[in-house]
């Protein structure tokens, strides 16, 4: 099939769910008994999408763009090393094939150069939302290997989830449906009509929105579908609208996302005002003129696809910052600053959508939605949209913006992993795990690991949707989310248990270290750790933290995943009533599990005898210019190493061992505590009471936001409303009252608050500090020993930091 | 010298300072953890012995000419220091044991968690 | 394939023994077994000292530590080993804290050990060609104040002054004091009433 | 009557509702249904007339989509001694608003069915109101504009004051006083402009554009402008006679001025290089500075913007549902329309100087309204404050005078590029239409509930979705349109405005972007409190019956248009865009001249000072 069929194919794949949505909205419950056929329509639509996506991938894309073997690490490593200034520490004892790779390096390098600017992509506009002179907001498409990969991934997972939901949502076919979690005023449970069709209506709308987001040809269109997936998520989280917790969670999700969108809008404005275009690709208009997209403007061929702000951006930046600060080569920094703002702004949107710190709070609450939703929307696809956008928008991120991305990702993955350790709700553990894994992806992208991050996005989508669907199966069986009421279920539901085990192994990156054999997570997570290692070795200093955290995080991941598995499936049943009623789910639910389990194992592999693998496909989409090592302009000491450098054998060796070691440590700890019961979790909790409480309360983020943002906002709103009333009613008395009142208030305020307050506060501080120090004097020898050990560690870290500061 | 660690060369390369230091580190950490986890005062004492031994290992390693690879060399100072450590460890053990016995006599217990009179 | 370097083999043997018994000390809850494991660990350590070419230190280790100190310890164990103290279980929380702190410390130390290339394995040929030396005599000379390994050609006095005579004396006196003090502390006393406020 | 003549067609559009009012006056009392149906018939017929303009060859005049200039312009002498004309016309800015007015009038009339008190009077006033509203959007003579403005005011006062809620008198008086203050200020400005205007400053082309005389472009004898000009001068038209007299006067000291109320002519004068409005008049400020300020205050009272907005919540809360729909859907738009049609083109220098004030007011309103909406417990009050917030976008978008100083492409010299400004104004206009649909819908949704349970306390609702699923679904769609969800009409205007603002002011852009969070906050919270939840626990729960067909007839068109305008903006922009572009380009060209003038002036002053210093 010709490549020109791609837009049509993908548009069909994209719009079919919309048609399904429309039909279900209009006909609703009249579709079969209790709207039962709505499910079939929806499933049919998504199957059409899947087929179309796969046809697009295998029928239209691959025949026209044969895959090169990008995983030939030696070759690509050498090719990348040319562009870098880092000393080539290639060890001399490479094996025979390593030398062969070196011999190939020159050829491969030349080929890479030739292909560097020729990344196949198709771009076009369908219609304009508005047009003003050269400015144009359009609805269009941008199709490259990444788009096609995402289409296949999204539609495939969505299809599995749709089918699964036919079984999972079966209860909703009953009329009336009894919601056991909602009590009405007479004390009974809520009886309401089933909403089977509504669920599939939202799922279809979501599929449409998500695919639209992926196919979008410009930032504005991304934003449109960005919001649409947000609203679908809102509807799906709040699917049980009668539950207060569900509607709260839905609101929280949408508003938190809006906070991110606020940043995204700022980024978009900065781009729009300076470049005047949102398009990703270059378009040749019918009259032969070329309209350059963002990427071509920022990375022109004349600059070897390096990121250089174009003159109009510099001008706009100078206008914005009124800055005349110059860089080393005499140019102005303003363009880079603007680029930084645009990048960070766009990333803010991704922070919201992908639940990154500090906007991660909504995702765990989003688990109020039905489990298929959690699997599809809140783990595999929508929350990955943020990562996808970072990947899509990658050529426009300056190294400083990338550093922000990496740091945010790093903080997120750590915080989320720590919270997951204490969570007892099976879905919340998975939710935090999702947040944490998204943090990994962001980290990887931020550190220059473009392909690694997106690869992890794909693999994670499969194993995480698998994990969620398994948890859904468990919940379906025991009617509880609380892991403390489970245990021993593997005897009752073996398929669920062992597919979930596959998912757990995939997420911790199980594989045989130093070989190329493992589950899907093994490849992608190792790639991320390698990139982090490469980055840390290049930049040194505090940047080592960006390596240490993911490694520690890997240990925590293994710990909480297996904690989950052991608590749920291993050991003895903790709640016999629930255990006795548990049963394996019907085939309509387990078959998707088996399919997803297959993908969770194999999606990282290369199809034998071909070059067909996700990595190679992604490599084909790698935007021009990002493969090279780049250096910061605003932060000159920052170097983002080329991704190819991370394939160096030493780094692979060390990173592979570190990742494996960390995973094994976590696994061992979980086994010791939750399987062998050698250590008693209750006692550990007792010892770590403050830490435990911190983690149990999710680092108090909700409380913090409530106190620092929501309540002041509401208070301000009330003030403003009250101000309005005061203007009306008290316009005349106001001034006199105010002038009398102010003097009084001022006296009270100043004397009592400022003067007395200062003195008292100092006294209180001293007292409190003394009490604080007193608590350290426990009198226990053993704790003093620990203080000594901790002190040693702190001393080491401090000395290294001081040294780093002194050297840089 | 190749800084990476290769299993194949394990038994054909002579051990270096780093190897001894690793053993020392393990002993040290075991000792420290003994001190941190044991409730029996004598267990704590044994931890101290292990810690001292771990430290001693470094003195010996740095003072040994067979392990030299062009780095720091303590010469005779190494073994001499090690010797002092051993002797002082003996003294320390004697005094600590005396303290432990005294504690036992007074409190009828050997649990160090009971010894918290210094609590602030 | 090069032939096996036997000292290396013995190093790993003793290292595994020393570390393994140290871990056993850590993990064991029974005080008597702990003492036993400690003996073995310390003995294995002395083996390592021998391997490092410090026969005298190794011998002292065996003599003083394994022989003397541990007898003292075992003595203490026997004096205090009532039923309830023989095996005192550690709380899981303490284990967890200890494991975390210890793990961090261990990784830090190990990373430090391997961070300096000069601390790695020396050249095998050079090591094998080193002449065998006796260590006891130089150490004894050192304790007596003469450094045979640092002869100062231009400053003959320096070699003499840099010895450890003074330190040796101090340690000797210290040992004496300790003996007296330990005897005083450990002598049987009548139980006194606990201090007020305890 | 020949309907293909603009004067007949447009007059019919304006006065048909008034005619209907007249007809109703003769209806006997008690025939309430007949009265209602008649009134509805008149509104529908008016709406058909507006739609008829969209169709070519449907008889009557038609509105051409791609044209930028004023279409169907006609004039007739009204009070010639004061130069007052009966001048009307439509362009891309006013036409969509006229259609919106006629459309919402139909829906509001349908929504008026529950009214039972003094039905006849209600319908008469309602129809008069519609005449006033349509007239305001079509009038191009300042005097005529003012008359329609006041015609609209009075029925509104009675509609709120008689058919309103418990505090209706208070609300009506408040609405009336506020608006009256605005009208008075506007009147002062109108007179200031009138007495400083001079038609003789304009050349023949400008006069033709302003509709002073007609140029027969088609038909029997096509004219050039000059020919028409000469023909006009030769005619016995009163204005033409005086025009010639003044031109003939050679002594400058005795030369009089030919004043005019013609808005188009005033626009031309305001943009002249030596504009008569640029003289200093008071406190070192020019006539147009003061006129602009007065007009602006008059219009932002109508919009309404902070700090002159407090009449709106009260008026809305007390007004009956259909009147709220009209009030929010149409009346508020008049403020925005006034700013874009009158303030900016007539007083460009003042507008250029005060653009930041206008934008600032817009942004403050957005933030203020959103915060206040968060704090409301009365459903209708919440929606009213959301109107304040949403109309802030309009003011902001109209105010951005953002001229890019760079030209895209290499080697370009610095020229004025008004693309971002066009975008902002387009966004504002779009937002007006979108808000007309969404706010009318929101008020209607509130009304549907209020008709059933007779309270609007947000905290006593809940569970409506379970009781009235179809209604709740539509209400949620409309509220999301207000929230600015993509795919619904509110999004397009908001995003156009917000994206265009950065070029003008980064600070305002950031603040306005932040409002999206607050908007989401109050709308979602309201939806949660009203529609979601397990069960309704407020009073009159038994009255919560599903939507009637009549109510659906109101809600469905609103939802459909919300979706159509959200998905395919060109459907509306095709009509609007050319006129907006034309106006912005004219003003951009004016700015270029103005800036150059100011630079030259500054240089002259500097030179003078240097010379003084040299001496």
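Letters A, B, C and D mark the chains in the order given here, with residues in each chain numbered from 1 onward.
As a convention for this text, a residue touches a chain if its C-beta (ideal position, glycine included) is under 8 Å from a C-beta of that chain, and two chains touch if they have at least 3 such contacts.
All values derive from a computational prediction rather than experimental measurement.
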| item | value |
| --- | --- |
| Chain-contact steps, minimal, separating subunit D from subunit B | 2 |
| Euclidean distance of C-alpha centroids - subunit B vs subunit C, Å | 5 |
| Centre-to-centre distance between subunit D and subunit A (centres being mean Cα positions), rounded to whole Å | 44 |
| Intercentroid distance (Cα basis), subunit D paired with subunit C, Å | 91 |
| Approximate Å spacing (C-alpha centroids) for the pair subunit A, subunit B | 46 |
| Residues of subunit B touching at least two other chains | 32, 36-39, 117 |
| Set of subunit C residues in contact with two or more other chains | 94-95, 97-98, 101-102, 105 |
| Sequence positions of subunit D contacting 2 or more other chains | none |
| All pairs of touching chains, each written as two labels joined by a dash | A-B, A-C, A-D, B-C |
| Sites on subunit B touched by subunit C in the complex | 1, 3, 5, 10-34, 36-40, 42-43, 45-47, 49-50, 53, 56-57, 60-61, 63-72, 75-76, 78-80, 82-84, 86-91, 93-95, 97-102, 104-106, 109-111, 117 |
| Parts of subunit C lying in touch with subunit B, wherever the complex brings them together | 1-5, 7-9, 11-12, 15, 18-19, 22-23, 25-26, 31, 34-35, 38, 41-42, 45, 48-49, 51-54, 56-57, 60-61, 64-65, 68-69, 72-73, 75-77, 79-80, 85, 88, 90, 94-95, 97-99, 101-102, 105-106, 109-110, 112-114, 116-124, 127, 130, 133, 135, 138-139, 142-143, 147-150, 164, 167, 171, 174-175, 178-179, 181-186, 188-189, 191-192, 194-195, 198 |
| Contact set on subunit B toward subunit A in their complex | 2, 4, 6, 32, 35-39, 44, 112-113, 115-120 |
| Touching residues on subunit C, where the partner in the complex is subunit A | 91-98, 101-105, 108 |
| Residues of subunit A touching subunit C in the complex | 665, 673, 679-688, 782, 786, 789-790, 792-793, 796 |
